Every structure is written in structure tokens, then in C-alpha cells.
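Structures for review follow.
You will see chain A twice below: alongside chain B first, and alongside chain C after that.
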Partner chain A sequence: MSRPGFGRIVTSYRQERRLLRTPGRIVVLVIALAFVFLLPMVLLQHSLFGIPISDSQLLGIGLPQVNLTLIAIMGAISLNLLVGYTGLISLGHAAFFAVGAFAAGFLGTQLQLPFPLVLLGAGVAGAIVGLLIGLPSLRLQGLYLMLATLALHFVVIFVFLQYQIGNFSPAGIPYLSPEIGPLIIDDDQKWYVLLLIAAVLLLLGVRNLLRTRQGRSFIAVRDHEIAAASMGINVPRVRLTSFALSSFVVSVVGALYAYYLGNIGEGSFTLNFVIGYFAMIIIGGMGSMAGPVFGAILWSMLPQVIQTIAKQVPASTPFFGQVLNAYQGFVVLVIVAILLLVILRFRPGGLNDYWQTLKGGVTKWPYRNK
Partner chain B sequence: MTGSRDSLTVQGLEAAYRGAPALRGISLTVPRGAAVALLGANGAGKTTTIRAITGLLPLHGGAITAGQITVDGEVISGLQSHQVVTRGVAHVPEGRLVFAGMSIEENLLTGTVGRRSPGADATLESIYRMFPVLEKRKHSAGGLLSGGEQQMLAIGRALMADPTLILLDEVSLGLAPMVTRSIFQSLAEIRERSGVSMLVVEQNAKLALDFCDYAFIVENGQVVHEGRASELRDDPQIQELYLGGDAGESTRSFADARRFRRRRRWLA
Partner chain C sequence: MTEFIQLVVSGLAIGSIYGLIALGFVLIYKSTDVFSFAQGDLVMVGAYLGFGLLTWLGIPFLAVIPIVLVLAALLGLAIQRFVFKPMMGSPLLIMVMATIALSLLLRGVVVIIWGTGAVTYPSTLPNVALDIFGVKIATVDLIIMGVTALAILIFGLFFRLTRVGLHMRAIAENSEAAAVVGINANRMFSLALLIGTVTAAVGGLLLANLQLVSTNISELGLLSFPAAVLGGMRSIPGSVVGGLIIGVIGQLATGYINGTAATAITFGVLLVVLLLRPQGIFGSKGVVRA
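On to the complex of A and B.
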């Protein structure tokens, strides 16, 4: 402790294992909590501490966008567990969402089971399908595994469509508002609380998992299969566990997604949907904790934000004014694409890399980071 | 810990890679607490023997076709690698194979996957005492370490499983002679303290013979010679073949290199 005040000097294991290790973390936590509590109020009342805020000042973001982003965050975290941490590439992400929606339709809409039980059932169904699709991963890797999971995607979507048309309508499966005990979750504000709690629990759960033996086994298998095997890791079992765990979570998220939308058809579960999730974890930073969160926020919010900004540009603006107004959707896509290329070109580690640099700069001040 | 007084026995082991035979009946023994060297030229079958023991052969496209391997009297041939590790066999693989993306501490903790006894924290501390550089940099990524440090990490990772037998595959590979010497000193310390048995596969025969009690020499997938390390060191034929002629000298000169070329011709 010869240089108090500079950097972070750890003197005991207890200190190191603490959840909130530095004053900086407490500040971040307080800011995050304030943000989380104020967000729905600001978005619903369009004012903060009496100061009115217009829709365009909020960049066109409303509570529904926030809720969908929370769902995307959970989906991205679970995909990252499989792809980023275990190194298995699966195109079955939309299929597992569909399995969750299917299970929710059967257990919730048809059998009218209580909501928590429906979620559990969706998770178990997802885990079973995940185990099945995990089997090829014992023999196949990389592109070949991707093709095998692509086959799963089409099978699941086909079954989903048959179920949907056979029991409901071509428009999709309807879902009731979920009830947890006496509480009926029927508006965006209640959904916000539910989804926020779920997302935080999932984030903490995955974070903790990765600090256990099982979690390290995932990373070991990703980094070096043979080294992992020679350490005593049962590689096939780790692969299956990762598939089952990831698809359990994805299917629960899929059920939540279906309930939130209130009506969902097979048309929602496309390969574009899968690619979107891959984009989220790649932009955010694969194999990192914060990456999928950043990626999901960017991917879900950015189109809306750009569209809102584009609307405010008058058509008379030289050069791009007319283009912006005439081809709004198209422009949004182009801007998102360019932004992605820029991020990937300058920070292959994704948004998480920026975050780490910022964090390092703060904690190591006045020394330079790196 | 019961039954046999041998830590490892290999009897008539034959193995092949997709039909191409690599081992043609290897038999060797590692008595409990002993260090045994497995010497031979490239392609002789040393690494294949290690792979057969650890159960990693199928991952490399090979298979055991005949023979038996026992550890502490229990047959382990045919078991999968994770089952072998829980029988107390730890492996320091050729090329170290450190998990590059994990921190040093996480690398070490990964070694506990195959551990069946309590006291992992104490082992971790003893590894940090032996290799202070690992503790100093425990939060940096394993891939950022130098070759020698990675080798220390690989050895430490193997020790985390609390093994009764350690298989060391080419520890000196790509390391400076000074680093190699200090690593072998640490290995000698480990042996003295924990009484763990070691099977050492080495290209550097002199180093291995100085460290081990006994040695087997492999050629073409067969054991062609064996004996006490001290006797082998003095055996003129072995000296000519593997030791560069002057076993007493620790430094090598250009003259040694010329002799090395002659040996290569002799082998071919």
C-alpha cells in the first residue's frame, strides 16, 4: 500500500471476491438504478422533474421499444453463452424462440396453466429440443454444425406452423395476459418491471455460472478442445449442457416474447431474426458479459432512433434531404450497416471493447490505460 | 492407492491412426513415486503412447488396437480422457495448450475439473509459491505469457487435479536451456514434496536422464532398450545416439552439431 489513491490495490481475497469492489462500481450502480426507475416515468409522462420532453427529444423511443430491447438482451445473452462462450455456432436461435412460443401456446392458451408453470414448461421443452440438436455438435463443428442446426430451424418452424393452423388461425397463436398470483401483467409498465427483473437475474446468473467449474469448462472447450479433454473435462457433456442450458433460457425468453406480443405466428421466426441476434453479439463483443447487452440495445433501438432523426430533416435540405424523406426505411438500413462496418473495422472486440477501455481509463487514472 | 506398487503399467500396447500402425507392442512400467523417461527420435511413438494413456487418441483420429494400460492396478485403456483424469492421471500436453482467452488463475482452476480430493485452495497457493510469476500476473490472459511461463502454467494446471501420476510431454520444447533447467528443478521439488510419479517424454535425452531414475528408448513404435538412467548415461551406444558423445558436458559446441549430423545419417 505504498501508493494509496492510485489504481486499485487488493490486499485480501475477501476484498477481491466482493460484488461491489470499488467506489466507482457503487456510483455506476446508483446511476443505473436511478436510470431504471426514472425511465418508465419519463417515457410515459414525457417529463423529467417537471421539465417536459417531447417525443422527438426521446428519439422516438417508447416503453414498448424498451421492453422489446429487454427481451432482445435476454435472447442475446443466451445466444452468447452458446456461441461466445462455448464456441458452438447454431442457427437454431429462432427455432428455440418458436419452441418457447409453441409451449406457451399449448400450456398457457390451451391448457390454461399458471404463468410461472408455463415458463418452466417452455424452458424444459427448449432444453429437450436443445439436447437433440446438440447431438450433431458431438461430431460436427463450425459450418457443418451450422447446417445441422439450420435443418432444425426448418423442422421446428414447420411443426409450429402445423400446430398454429391446426389449433388456431393463420394469423398466429393468441396469448392471454399473464397472471402471477393476484398480479395481472397487462400494461407496458408492468411488463417493464417483469422483464427488467428477468434480465437482471439472467445476467447475474450467467455471470456467476462462468465463475464456476462448469462455466470455465465451457470456455476451455471453446479455447482448446484437446487441452480441455486432457484436463479431465468431458467435452461431449459440456457441449450438450451448453446447448440444453442456452436453449432452456432462449425458450423461456421466447415464451415471454409471445406473451408480450399477445399474438405470434410462424412468420416472426425467420432466419433474419437469427442473423439479427448474431449481429447483436458480434457488435457487442462475443464472449463478454456486457457485449450482448450493448449489442441488443444498439440493434433494437438504433433503427427507431435514426428514423426519428431522419423525420426531422426537412425535404428541402440539399443533397440528402429528399433521399431521407423518400427512402426512409432504406436509409435506416444503410446507416446501421455503415455503423456496423465502422465498429467492426476499428473495434473487432465490439462495443464491449469501448466499455472496457472507458472503465480502464477511469480506474487506472491518473495512469494511462494500456 | 491399493494393489499394485506400480503407478503405471503398459503391456503390449498397439495403436494405429486410421489403420496406419504407430505403436507395435510397447511395454513399460512407472513404479510409484519414480520418474521414468521415454526417449526416442521424432515419430518413434512417444506422444502416441501418452495419447493412448490419457485417452486422447480418438480425438487425434487414432485407436488402441491391442494391449492394456493400468494405473494403480486399475485398467484404464479404453476409458475416455475425462475418466482417466479422475483416476489421478494429469497431463502436461506437448505445446502446453494453455487456454489463451482465460486468465492465469482461471487456467489453474480449470485443472480442478478432474480433481476428486478437497484442498484445491491449498494446492493453488503452493503453485503460486513455486511459480511466483503466475501469482503476480494471475489476472492477465494465459496467451500473453512467455513460453517458459506458459509451461509453468501448464504444469501448475496439471497439479491442480491432485494427481498420482503426471505425464510430461516435451516440457523443454521451444524453451531456452536456462528456463528448461529451472522448470526441471521445480519438477524435482514437486516430486520430492508430493511423491507423485512422472512419465517424462523428451527429445533432450541428457536432461531427461539427469532427471529420471529409469528410461525406456522407443523406436518405430517398440521399446528397443531400457535401463537405469545412470547406466544409460554411461552406455557408449546411447551416448553416440542421443547424447552427442560427451554426456558430462552441459554446453554444446559446433563439434557436437557436426556429430549430430553424423547421427542423423546413422539413423537414416
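On to the complex of A and C.
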């Protein structure tokens, strides 16, 4: 939700359409660019302008975590497009990741097609499956669509497993390092650049989509189906478009994910994987642009941060010392669960809501943010 | 043929447990309109509570049952008070996420207390294989079916014959109209949660006699969805029948194909039912398709 601040009232469409509307945004952009360029250097060299930074000061975060976070951001944005903006609850998110990985395994590893073509193929495969899964959304709503996609999750994972065992090994499908023209993407630094570009393009793409007639009709269908239909929106068509579009993106991200990991098996695509993505968009804030980004960063970084903290807490600390050392993953689980409950209960808008309030408070000062 | 009957019998035993879990799930769904993803975790908590009491107190299995049921009832009330009640009436996704968060919380806490490894009960129900016309039936399977039948009988009588049971049915039918005639909806919600948690705990205690106790048990909660849909989503006897069907399908698929195919086939059935007959076996038309 945008709250127009005092002193920067938009007076023309041209002004409204601009990406960098205010001088403040340019400053933010410059800071963001500096951050993005310095981040891999800091993480790889462990120093900033000659000042050494220890691993624990970085909270144990390395470039692989950053890359996985970028993938998570893309996955969360595409789930948010479907759930947050079109209002369709689909538990098939992991299934679409699997379809992408599956298509990449077939087109890339088996047929050895060039990487961009593999990504396109993965996306098309995802969109086709998305259309098929989307068909129940025409007849079934809410709860029943959720159950249908849950059922589809298990069916897709089963098919994936058969393909994986039949053509590769029970350990998973191997992927080669992707080649774009003469460039071979084989280390974390190159992946960082590729994933960053992809994530920014996706974010801008979705942001722009939501300003078009198509994007607005997604939101209209979510908010009031009957009203949307009475305004001439073809509701079934919009639903299918959203399903296909979201699955296209998710499958491309799934293919990227598979390539990044280098080897992936059916065991990666669990229901917990889906729940993780739902947690991201809810913690971050559903139906907002920044929400999935916040949520994905928090969800992907938290385990590593807790692990680093746990290393510094001696096991002899009363009560939680031993627990923290023995079951880090489950401490993370409990923290996330409580965070989710608190956000769902008190701030359904998620972290993005806090962020907007904070931003509003600063830009409107000394007036009250209402 | 013997193998087939064998599989059907063990399917009915495991299906009775699914039925019990689905019963709790449907009862909560019917009364409070909350679609709970935490039912499987309540089963897991029940199984682990039983394990904890067996190892700490060193008492026999039968003595543990009442204590676990009381603890489960308290847990159910706590869940209603602190998770469901403040969020009643939120949109579907928000409530679903709340139950998922609850499920993550329960799983995390169970692992922090009991560790990640699978455990077995030191003391179990008597288990001997009976030979009936060449079909081997384990006594534990029979006991499980008996307990489930008894539980259903008790619930059936409770809903038909008691005043509170009538009130619960009224709330499930139309909570606003029931509130108008003076039924305390909150108390009925608490009761539904209490019963739902207790049936899940019974399921957990029974299940622990058939398999290892680990956090994987919580995944069984997912099977209550196909069971509930088959049964018509809002029908208590339907949920039990649905559970039995799911149990038999699962056992047959495991026996004739393999274990991984069982899940896919079970959920494949769910998909077909959703597309062709969304009202299930016992459901009435029109309720389902929005």
C-alpha cells in the first residue's frame, strides 16, 4: 500500500510511471548498488576497505547463502504473485520447482541443450503443468484448490522420483555448469551476478505487470470475484493466466536452483519446502512487493545466523546452551513458528507493514503517520 | 487371495487409526471452520507423551493411557485459548498458516525434549499372531480396530444423546443461529479442540504399537485430508469410513507395488474425488463447490 507523503504529490502520469520518483530514491539506489558490489568482496576477502571482518562478525554468512537467498527471493516473488495478488492458495510450489529441475535434467543433462534454452524449456513445461493444475481452480475454490494442489504435489514428486531413478541414480540428477555463450558459470561469484540480475529483472517485471490491466485484474479477482466479473474481467481466464505465469517463473527458478546445487533429488522437494515459502511471504507480507524479499532474506539467513551464535554459546550455559548446540535446526523452527504466530496474530501485513509504518513516520515527520 | 485378505486386514487396522485422526480433524473443522494442518503433530505429541511417561515413570502401557489423555486434553484447551481463539474468523490462508506454525512449534519442541532419533515403547499392547482360516491377524490389530469402534460408538452416543453433544452439532450446523438461542460458542470450540486433541493422542498411542515413534508420525496428519474429503468433509462417520478406505488403499498399494507409490496413489485418489465428486461419499451436494 502506498501512502503519499507530504510534499511529494504526484501531478502527472509521467511522474507516476518513473522508477526513481524522488531524490531520496536515487540515494537509496546508489547505496543499494554500492552494497551489491561490495557484498561479494566483503564475503570473499573478509575485509572492507582494509578493515578485517571475522567470520562471526558476518554472522557466518558466505556467498553461497547469499545466492540461495536470491533464489529464495525469486521463488517467494512468484508464489506471492499467485497467493498474495491473485488470492489462489496453491500447495504445488515444490512440485513446480521439481518440474523445473526435471525439465532441466531432461533438456540440459540428457539432451545437452544450451542453458538459456533449457531455462525457457523449464518455464514452458512449468506453464503447461500449471495450466493443467490450474484447471481445478476453475471449478474448485479455496480449500478444495489447496487440497487438489496438495494431491498434485505428491503425484509430481512420485513421477519425478521414477524419472530420477530410471535415468540417473537414487542420489539425484546431476547438472553441468551452465554456459551462456563463452561464459561458464562455475563459481559462486559468477552465480551471484547471474542470480542478482535475474532477481532484479523478476522484481521489476512483476512490479510492472501489476501496473498493467492484466496485473490489476489479478488483484480485482482476489478482492472481489463477482465485482471483477461484473467489470468485464474474465475470471477463469485471469486465474489460469496467473497460475500459468506463476508456474512458468517458479519452474525457471527451479531449474536455476537445480543448476546451482549441481545435483538434486526428489528428497529436496518436500512439503516443508512449500511451507517454508509460505512462511516467507507471510512473514514478509503478502500482496506487497517488498514482503517476499524481506521474508526470503529472513528465512534463508536465520538458520546460518543461529548456527553461528550457537557456536559461541558454550554447551554448559544453563537451560538453552545444550539445546542450542544439539538441535540448532529445531531451535530455528521454534523461533520461526513463534514469529509466524505473532505476525499472523498481530500484524498480518508482515514485516513490510512495519517497514511502511517506519518509512511513513520518517517522511511525514513532524506530522503523525496515519 | 490370502495375501489380499491379509493386506485388507492390516489396512483396516492402520485405517482405523487414520479414521480416528480424521475424526478429530473433521470435528475441529466442522465446529470451528479451522482447517488444521497440526492434527498429525498432535498424534505425534500423543505418541511421545506416552513414550515419555513410560520411560520416566516406568509404569505399564495401560496405566499411561489415562495420563496421556488428560495431558492431551489440556494441550487442546491451551491451543484453543492461545492460538485459535484470538484468530477466529481470519481468512482461510491465515488460519491455515497459524495451524502450520503450531505444527512447526510442536515438532520443534518434541525434538528438543526427546531428540531426533526414532524410539520404541518399552511396554506395548499384547501382540500375538492369530491364525484364522490361514489369514494371520495380529492381536494388536484387533485391539486397535476395537478401540476405534468403541471411540466412534462413544462419540456417536455423545452427539446423539447428550445435551452438550446437541449443542456441538448446533454450533457446527450454524454457529450464529446457535449463539442466538444461547449456546456458548466459545465453550463448544474449546470442547471440539479438546476432543480433537484427545482422539489424536489415542491415535498416537495406538500407532506407537505398530511402528517406531519419530517426528515422521506428524506426516500422517496429511492423510486425514483425503480421508475427510472422501467422507464428505463435514461428516463424522464419513471421516472414519474415509480413513478405513485410505488405510486399505495404502496397504494394498504398498503390498502390490511399493511404499513410495502408496502416497502418490492415495493422493491421486484424492485428486480424482475432488474433480469428480467433491462432496465425497457422505457429503451433501452444493456444500462443497463454492
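As a convention for this text, the second predicted complex is superposed on the first by the 343 of 370 C-alpha atoms of A that agree within 3 Å, B and C clash if a C-alpha of one lies under 4 Å from a C-alpha of the other, contacts with A are read in each partner's own complex, and residues count from 1 in each chain.
To be clear about the criterion, a contact is a pair of C-beta atoms (placed from the backbone, for glycine too) under 8 Å apart; a residue touches a chain by one contact, two chains touch by 3 or more.
Remember, it's a predicted structure, so these values are computed and weren't measured experimentally.
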| item | value |
| --- | --- |
| Overlay on chain A: chain C relative to chain B, clash or fit | fit |
| Which of chain B and chain C A:120 touches, first, second, both or neither | neither |
| After the two structures are overlaid on chain A, angle v-u-w for chain B, chain A, chain C in degrees (C-alpha centres, nearest 10) | 80 |
| Which superposed partner A:196 touches (first chain B, second chain C, both, neither) | neither |
| Chain B versus chain C as contact partner of A:290, first or second or both or neither | neither |
| Touched partner set for A:150, first chain B, second chain C, both or neither | second |
| First (chain B), second (chain C), both or neither touched by A:309 | neither |
| Per-residue touch tally on chain A - higher for chain B or for chain C | C |
| Distance in angstrom between the closest Cα atoms of chain C and chain B, superposition on A | 9 |
| Where chain A meets both chain C and chain B, residue numbers | none |
| Residues of chain A defined as touching chain C within the complex | 83, 89, 136, 139-144, 146-148, 150-155, 157-159, 161, 271, 275, 278-279, 282, 286, 323, 326-327, 330-331, 333-334, 336-338, 340-341, 344-345, 348 |
| Of chain C, residues touching chain A in the complex | 35, 83, 86-87, 90, 92-94, 96-98, 100-102, 104-105, 107-109, 111-112, 115-116, 219, 222, 225-226, 229, 260-261, 263-264, 266-268, 270-271, 274-275, 278, 288-290 |
| Contact footprint of chain B on chain A as seen in their complex | 213, 216-217, 219-220, 222-235, 287 |
| Complex contacts: residues of chain B adjacent to chain A | 54-56, 59-60, 80-82, 84-86, 91, 93, 97-102, 106, 109-115, 157, 161 |
